[in-house]
Amino acid sequence: MKRIKLCYIGGGSRNWAWVLMQDLAFEQEISGTIELYDLKPEDAQTNAVIGNTLLARHNPGHWTFHANPSLEDALTGSDVVFVSILPGDFAEMAIDVHAPEAYGIYQPVGDTAGAGGLIRALRTIPQFRAIAQAVKTYAPSAWVINYTNPMTICTRTLYKEFPQIKAAGCCHEVFNTQKLLATVLEAAGCAPKGSIRREEIHTRVLGINHFTWIDRASWNHIDIFPYYTQFVARHAETGFHQAEAATTFAAGSASGENADAEQAAEAMRRALFSSAERVKMDLFRRYGLIAAAGDRHLAEFCPHSWYLASPEQVRRWGFALTPVSWRIENRDALIAQARAYREGTKTMTPLSSGEEGIRMVKALMGLESLVSNVNLPNQGQMPDLPRDVVVETNAVFSLDGIAPIVGGALPTDLRHLVMHHVLAQEGIIEAVFEEDYEKAFRVFSQDLAIQTVSLTEARALFDRMCAKTVPAFRYGRSGL
Amino acid sequence: MKRIKLCYIGGGSRNWAWVLMQDLAFEQEISGTIELYDLKPEDAQTNAVIGNTLLARHNPGHWTFHANPSLEDALTGSDVVFVSILPGDFAEMAIDVHAPEAYGIYQPVGDTAGAGGLIRALRTIPQFRAIAQAVKTYAPSAWVINYTNPMTICTRTLYKEFPQIKAAGCCHEVFNTQKLLATVLEAAGCAPKGSIRREEIHTRVLGINHFTWIDRASWNHIDIFPYYTQFVARHAETGFHQAEAATTFAAGSASGENADAEQAAEAMRRALFSSAERVKMDLFRRYGLIAAAGDRHLAEFCPHSWYLASPEQVRRWGFALTPVSWRIENRDALIAQARAYREGTKTMTPLSSGEEGIRMVKALMGLESLVSNVNLPNQGQMPDLPRDVVVETNAVFSLDGIAPIVGGALPTDLRHLVMHHVLAQEGIIEAVFEEDYEKAFRVFSQDLAIQTVSLTEARALFDRMCAKTVPAFRYGRSGL
Amino acid sequence: MKRIKLCYIGGGSRNWAWVLMQDLAFEQEISGTIELYDLKPEDAQTNAVIGNTLLARHNPGHWTFHANPSLEDALTGSDVVFVSILPGDFAEMAIDVHAPEAYGIYQPVGDTAGAGGLIRALRTIPQFRAIAQAVKTYAPSAWVINYTNPMTICTRTLYKEFPQIKAAGCCHEVFNTQKLLATVLEAAGCAPKGSIRREEIHTRVLGINHFTWIDRASWNHIDIFPYYTQFVARHAETGFHQAEAATTFAAGSASGENADAEQAAEAMRRALFSSAERVKMDLFRRYGLIAAAGDRHLAEFCPHSWYLASPEQVRRWGFALTPVSWRIENRDALIAQARAYREGTKTMTPLSSGEEGIRMVKALMGLESLVSNVNLPNQGQMPDLPRDVVVETNAVFSLDGIAPIVGGALPTDLRHLVMHHVLAQEGIIEAVFEEDYEKAFRVFSQDLAIQTVSLTEARALFDRMCAKTVPAFRYGRSGL
Amino acid sequence: MKRIKLCYIGGGSRNWAWVLMQDLAFEQEISGTIELYDLKPEDAQTNAVIGNTLLARHNPGHWTFHANPSLEDALTGSDVVFVSILPGDFAEMAIDVHAPEAYGIYQPVGDTAGAGGLIRALRTIPQFRAIAQAVKTYAPSAWVINYTNPMTICTRTLYKEFPQIKAAGCCHEVFNTQKLLATVLEAAGCAPKGSIRREEIHTRVLGINHFTWIDRASWNHIDIFPYYTQFVARHAETGFHQAEAATTFAAGSASGENADAEQAAEAMRRALFSSAERVKMDLFRRYGLIAAAGDRHLAEFCPHSWYLASPEQVRRWGFALTPVSWRIENRDALIAQARAYREGTKTMTPLSSGEEGIRMVKALMGLESLVSNVNLPNQGQMPDLPRDVVVETNAVFSLDGIAPIVGGALPTDLRHLVMHHVLAQEGIIEAVFEEDYEKAFRVFSQDLAIQTVSLTEARALFDRMCAKTVPAFRYGRSGL
C-alpha cells in the first residue's frame, strides 16, 4: 500500500476535516500520516484525537493524525496539502454578509462574489500569499488542494505568489447539479429512482467557480438536455426540492442521545441553506445552459434586481439568505460536539461523503485516473477568457498531473456576466498585491450590486466593511 | 491637382454634409465630384444645390456636387465613401431616449450605449449590412469613413458583413478633449490664451468610442498630466465651461437678418448640449486617466447610480439631458434654413470646422501623413481587448492605409467597465446577425442601467422600444 | 442494443476496412449498417461480401455491410463517417517518395511531411474539400473520423471547408509508443512480461501528428521517465526491436494453405517497415521528451542531415526506407487475397486489432467514456501553437463530443521544429485554397530537406513531382 | 533650450560615438552632457577629448563630453542611455564568422542570425543582463536605445531582465532601403535625381531586425510597388549599385594629408561591404514584399543553399563576405585616427549622418514627433508572432513614449522563415538564462545552415566556437 504524507492547513476545521477523516475510514489503497495545522492549535489537537479514535475503530493501522503547531514541520515532506481555512472570523464574516443590508443589498452567502466576497478577498489574499510562500519554501513539489472561498481568488493568489506551485481548487457544487440531473432522468422514467450515481452523469463544465455552467450533459447514450428542458417547464414556476439526504455531510454522521435536538437543528440548517432551484431553472430558460451551482451562489453573480432586490423577492425565488448568526450558533454546537467526540461521550460514525478529495489524492499518486471539475489557471481550457485567470472546467487527474479539458466557449451574453466577475476578481487581487486601497474601492464600487447605491454610500459601506479587515490587507498581516 | 470621386451616403444631411462642403471651400490640393445619395432624394438634391452654390463662390472649379438617386451609380468608381445617416427617424429616436424614463432611466444622448444605443443598434445594423453589401458589389476598394452612431457597432457590422472592406469610424470627441487640454495649459500659464492649436496636443488614445481614454498627453516637452491634475483639483467640484466658440459647427456659419432668433436658438442648443466636465474630472480622480469624450456620453457608460440616477443628479453633475424634441425642432429650423440656402434667400458663409475628414481623405490619397484617433477592428492595437472588436486608438493615415497604433493596456478596473460595453455590443450584433430576438433582450437586460429595474419591467420596456424598430431587425428591412 | 449507420469513404480499402470488420466481429454493444463507398465500386462490393461473410460467422445479426455507389446515399443518415482513402494512386505515391532521391533526399514514408507529404497534400486537399462539402450537404451532424494521411492537412481541410463539421483525425502511432513503454517497464521488472496492457499506460500527448510527443507517462503510481531514461542509456546505440506480434494488423489474420509464402511476405514487410527505435531514443536524449511515432515518421520531421542524409545513414539508424514498389506488390497480393475471401477459397479469421475506432464510435454514441489521442483544430489545447491549426493531444470522447485536453507547452527548442511543419502545412493548404502554384512552390522550397538542394533543382523537382498531381490541384478535380 | 544627460555605454566606440558627436555638432534644440562609459576607459577618455574639441569648434556651449569610469555615476540621472558595444573582441568575432567555414558555412556578417549570431548571443546576453540590472538600479526611468547586435536578442534580454525598462533597438537598414526606393522613383522619372529625401518615403515595416519587410511603400500619392516591380524586372539578374556616397558614415569625414591612403582604404571597405541588391530583388520576386535590410544580412536568414552555399555562389549573387581581418585592420586604422584627432594632428569635420538617434532623443523629450522603425517587444504590433518577442515595426516617438504601429500579418510562407529565427532567438536566450549549455547546442544544431552538416560535426563546431565565449556564458562574467 502506498504511504503518503498529507498536510492540512486549517486542520482544526469541524467541517471538511471531519469529512476527510470519515472518507479515510473507507480507504484501503493508501495510508500514511496527516499533519493538522491550525491557527488554533487546540482545535487541531482535538481533531487529531477524533481522527485517530475514528480510524482506530474503522480502519486500523492505516492513518495517523498529528496536530502540528509548526507549519514548517507540517509541510516538509508532504505529498499533498489541503487548505480549508476560515479567513478571519465569523464576526468579520457577519460584516461581509450583513453590513450591505443597510443599503438594500442582500447576500445569501457573501463569500465569493459581490460586496461580501470582495471584502473577504481583501483579508484572504494576504493569507494565501503567506501559504504560497510557505509551500514554496517547505514543500515546493507538493500538490495543494484548496477548498477555501473565495475559491477563484484563493487559487489565483497561490499561483500569482508562487507561479510554479501545483495547486487546484475543488468545489462540490457541480456534484449537486449532477445529482439533480440524475433525479431528472429518474423522474422521466429513464431509470429507477435512486439508481443513477452522480459519477455516471457526464457533464462538460465551463465558467468560474460558483458561476459554473454545463453545456453538455449525458448519461450513457442519453442527452440530458431535452429531459432537463421538460423538467424546467414543469418546475420553473413552482420550484423543486431534491431529496434531503443528498446534501447531508459530516453533520449527518452524528449519533447519540440528543437525536431530537439534532433533528431540529438539522431542520433549521436545511431551511437556511434551502433552494428550490428556481434561479437555476430561470437561468436555463434564459441562456439555455445548466447553471452548475446552488441558487444562493448563482444569484450573487447576477444583476441585483433579478433575484436579490429584497428579502421578499428572495423568498419568491425560493432560496434562503443564510445569516451568519446561524453559522456562529452552529459553530458553538460543533465545538460542543467536538469536545464530546474527543472525550468519548459521543462517537463519530463514518459516512462516505461522495466528495472527491481522496480520489484526487489517489489519482495524483497514480492509483487511478479521474475526470472531475476543478479550478485552475486558464492555460487554454477557456479560450475566450483571459489567460492565467482561474477558471473551472473538467480536468484529468493522473500521476502528478492535472490536465484541464478544453471547455469551449460561453455564449457572448453569458460571457458578458462572467467577465464582470473575472475582471472584478483580477482587480481586487491586483489591489491587494499593489496595496492600493483606492483601487480596491473602485473595483468594489463597480460590483453589480454596489452599483445600485450612490458612490457616497458605496464609500461609506466600503470603509465600514474594511475597518476590521483592512489592517491585514494594508500591512500584510497573514496570521500565519 | 488630384481628382477624386467621393460618395456620401446620407448626403441629404444638414449637419456633416454642410461641414464637409464648408471644409471643401478651403481645400486646394484635391478636387473632384461628390455623389450625394440619400433615402430622401430631395434632401440630397437640395444639398447639391447648396454645395455647388457655395463652392462656386468660394473655391470655383474644384468640386461638383451631384445628387444621385442610385446607390449603385453613386458608389461605382468612388475613392472614398462617407456614411453619415440617421438610422430610422426622430420618432424612433424619441423612443430610444425617452421611453426608459418611465423606469427612472435617463439618457443624455441615447445613441451609443445603454437602452437607447442598443435599440438604435437593432435598426442600424441591418442598414449597415446593406451598405457593406453595396460597397462590396460596387466599390470594393473604396475607403469607407463612417460618422454614424452607434459608431462601434456600425463599423463592426461593416467588417462582419464584408471582411475585406476598408472602413474606419471617425469621431471628434477626442478633439474636444484636446481643446480642453490646450485650455488647461494656457490657464496654467504655459502659453498665451488661444495660442495652442488642438493638433499640437499629443495624446495616446485607447478604449472604445465615446468611452475613450487618454493615458499620455503632452505638448512639446510638457507632460500635461500634472497640469490636468491641478486643473481637476480646482474645478472638479464646481465644473468648467470651455469657450463656447470651440463647439460651434456648421450652424454657426449662418448669417443673415434673423440673427437674434438664431442667437436665441444657439443659446438653447448650448444649454441642451452643455457640460461642466465634472464627469470627466470625476473619472480622472478615480482612474487617473483622462476620459476623452463629452460628459453626456461618458455618463452613459458608467453605472447608472453614478451620474444618471435622476434629473436632479444630472443637474448637479452639470450636464444636460438632450431631449429629442429639440432635435425635431432643430431639424425643422434646419429644413427652413436649407430651403433658404437653396433659394438664395440666405447665403452660407464657409467656416473651417477643424474636423479631419478632408485631411483623412488627403492622407489616404497620399498627399500627407496624419496621426489621428480612429475606430478600427482590433488587430492588436488593444492587446487586452478581444481581437476583431472595434476599438478606438490612434492610427497613422497614409496612402491607401490606416495603421493603428498600439494603445497599451487599460487598468484592470477600467477594463472592467469597458468590457461590459464591448461584450454588450458584440452580443447585440450577434443577435441581429442570428435574428435572435431573445438574445437581443438578454443583452438589453444585462445593461448597467436596465439592470436597475426588474426583469419584468425590462421586458415590457424592451418590447415597447422594439415595436417600431424590430420589424427592420426581424425582416432585414434596411431601407436602402 | 444501439443501432447506428456508419459510412466508410474509401470502403474498398484492404487495410483499415479489414481491421474494422474484424473488430466488429467482437463487438456486442452496437450494431447497424455500414455503407461502403469507394471510387472503385467493385472494391467496395468485394469488401461488402467479405464483411458480411465474416460477420455472419462470427457475430451474426449485428452488422450489415452495403456497397453504395452513391456518396449521397451512403452519407445520408449516417451517425459516423470513416475516411480512409488513398489520395491518387501508387504511381503518384512512387513519385512522392522516390523522385526526390535523385537529389539525395530519402524518405522512409513520404506521406506526411517533407517533399512527399507536401505534394501528396496538393492532390489530397481538393478531395477533402469535396468530402467536407458532401458531409455538409448530406450528413452535417455526423462525426467524421479520418485515417488518411497527411493527417493534419486532411483534418484541417475538412474544418476550413466546413467549419461546423464534427471531425477528428485518428492515428495509432502513439499506441505503439505506449506498447514500447509497457515493454520498458516489464523489462525493468516492474511487472511480468506481457502483463501490462497498452491502455494502462497514461501518457500526456502534445504536438502534431507523426511528430507527437509525450512529456508525462505513468503506469499506476510509477513515473515511467526514469525507467525510459535507463532503457535509452542501454539501447540507444544498439537499437531495440519490439516483439513482432505487436505490429501485426489485418494481414496477420490470414490463414490457409499458402502459409509459407505468407510468412515470407510478412518477413519482407517487417524488414521494410522496421525500426530499431534509435531515432526515438536519440530524440529523447536530446530533448528529454518521448517521441510518440515510429522512427520512419520522426526522421522526416527533423533536419535532413540528422537521420536521412543517405541510405547508409538510414541503415546505421536502424530503420527502413519503405519502397512504394513493395506497396504495389503488396496491393496485388491483397487483391488476390480479397478475391479469395470473396470467393470463399480463403477464410478470414478475425483478430482484435487494439485500434480504438470502434471504441470511439461507442463513446460518441454515449456507451462509454474514452480518453485517447486525437487530431483536432487547436482551440486552446496547445496554447503555444497558433489557434485553429490541427494538433494532436489527448481528448475525452463522450456522447456527441470530443473535448481536447490541454497538452501544455513544448520546450522552445522543440517548438522550433514543430512550428516549421505547422507553418509549412498551413502554407500548402492556403496555396491550394488560393490556387496559387507559386506559393505552393515557395512552401516546398523551404522544407527542411528541400533546402539542401539549390533553388533551381528544387524547382525542377517540384515541377516534375506536380506533373501528375497538379491538374487536380489546379482544376479542383477531386474524383468524388 | 532643453538640457539633458546622455549616458553612452560603449562610449569608446570609434563608429557610432563619432556619428553621434558629429550629429550633435548640428543640433540646436537640446544640449547637455554626455557620459562616456567603456570597458576600456582610455578609449572613452579619447572620445571625450575628440568630442569636446569638435563641439567647441562647431557648436560651442551646447554639449560636454565626459569620460566616466563608473557606470553608476554615468547612469545616475541620465535621461537617455545609448548602448553600442562590441560583445567580446574581434578575436572572438573571427571565430563566430570564420570557424564555420571549415564546414562549408559562409557568413557575410555573422553577428545576427546563424552560427555566428547565436554564439555571439551567448556572450552578449550576460552583458545585457548586467546592463539591464545597472539601469534598473541607477536610472530606471531612463530611455535605453540599443545599437548593438544581435539587436533582437539584446533588446529582448533587456526586457527579460528588467521588464519595466524603457528600451528600444534602433537600426538603419530600413533607411538604406528607403534610399533605394527613392532612387527607384527617380530612375523612373517620378522626380529629378537626388531630389527625394529618404524621410519622404513612407513604408510599412514588419518582421524582425535584419529580416525586416515592407509591404506598403509610397511617396506622396504614388504607390512605389509597381515601380519597384519594374525596377526588379530590369535589375534582378544583373544587380544594382546605389550611389556610393549614400553609405558613407563617419569614416568619410576624415580630412588631411593621407587622402590617397584613405581613399584606397575606403575602396576596400566598399568592396567588402558591397551588395548588388540581388538577394533583395530575388526575395521580392518570390514573396512580393520588399526586404528591408542589406543582402549580406538577408542571406543569413534564408536557407543555406539559396545564397550562401559557397563563395562562388555569394559572388554570383553580388555581395561580399566581410572578413573579420578587415575589421581588425580597420580598427587599427581607426585607433591611429583617434589618436590623431586627440592629439590634434588631424581634425574631425562633422557630417550629418542621416541617422535618427538625435531625433529620437528629441522626440522622447517632447520636442518633435517622429515615426520610425524600431525594435520593441511585441505588444500586439505583429499579431501573428508570439507576444513579447522583439519585433521591428514602425512606431511613433513622442514625449516619454514609443508607441508601436500595428504592422499587419506576414504571408504564411514568409512567416515560416521568420518564425524559424524568432524561436531560435527565444531558445538561445532561454539557454543562457537557464544556464543550459545543451539547450544552447540544440538551438544551434537546428539553425538553417548548421542543419546542413552532421550532428557530430555540428557539435565539434559548437564546442570550438564556445571555447572562448562560454566561460562568460557559464559563469555570468559580464565584464561590467
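For the reader, a short list of remarks on this structure follows.
Letters are used for the chains, namely A, B, C and D, taken in the order the chains are written, and counting of residues starts over at 1 for each.
As a working rule, a residue touches a chain if its C-beta (ideal position, glycine included) is under 8 Å from a C-beta of that chain, and two chains touch if they have at least 3 such contacts.
Nothing here was measured: the structure is a model prediction, and the numbers come from that model.
Identification of common neighbours of chain A and chain B yields an empty set.
Any chain touching chain A that also touches chain C would appear here, but none does. Most remote chain with respect to chain B, judged by CA-atom centres, is C. The distance from the centre of chain A to the centre of chain D, with each centre set as the mean of the Cα atoms, comes to 56 Å. Measuring from the averaged C-alpha position of chain C to that of chain D gives a distance of 47 Å.
Chain D has its Cα centroid 44 Å from the Cα centroid of chain B.
Residue numbers of chain B whose C-beta contacts span two or more other chains: none are found.
Listed by chain label, the pairs that touch are A-B, A-C, B-D, C-D.
Residues 2, 202, 204, 216, 218-223, 365-367, 369, 371, 379-383, 387, 394, 396, 398-401, 403-408 of chain D touch chain B in their complex. Chain C meets chain D in the complex at residues 286-287, 303-306, 309, 384, 386, 411-413, 415-417, 419-420, 423-424, 426-427, 430, 439, 442-443, 445-446, 448, 451-455.
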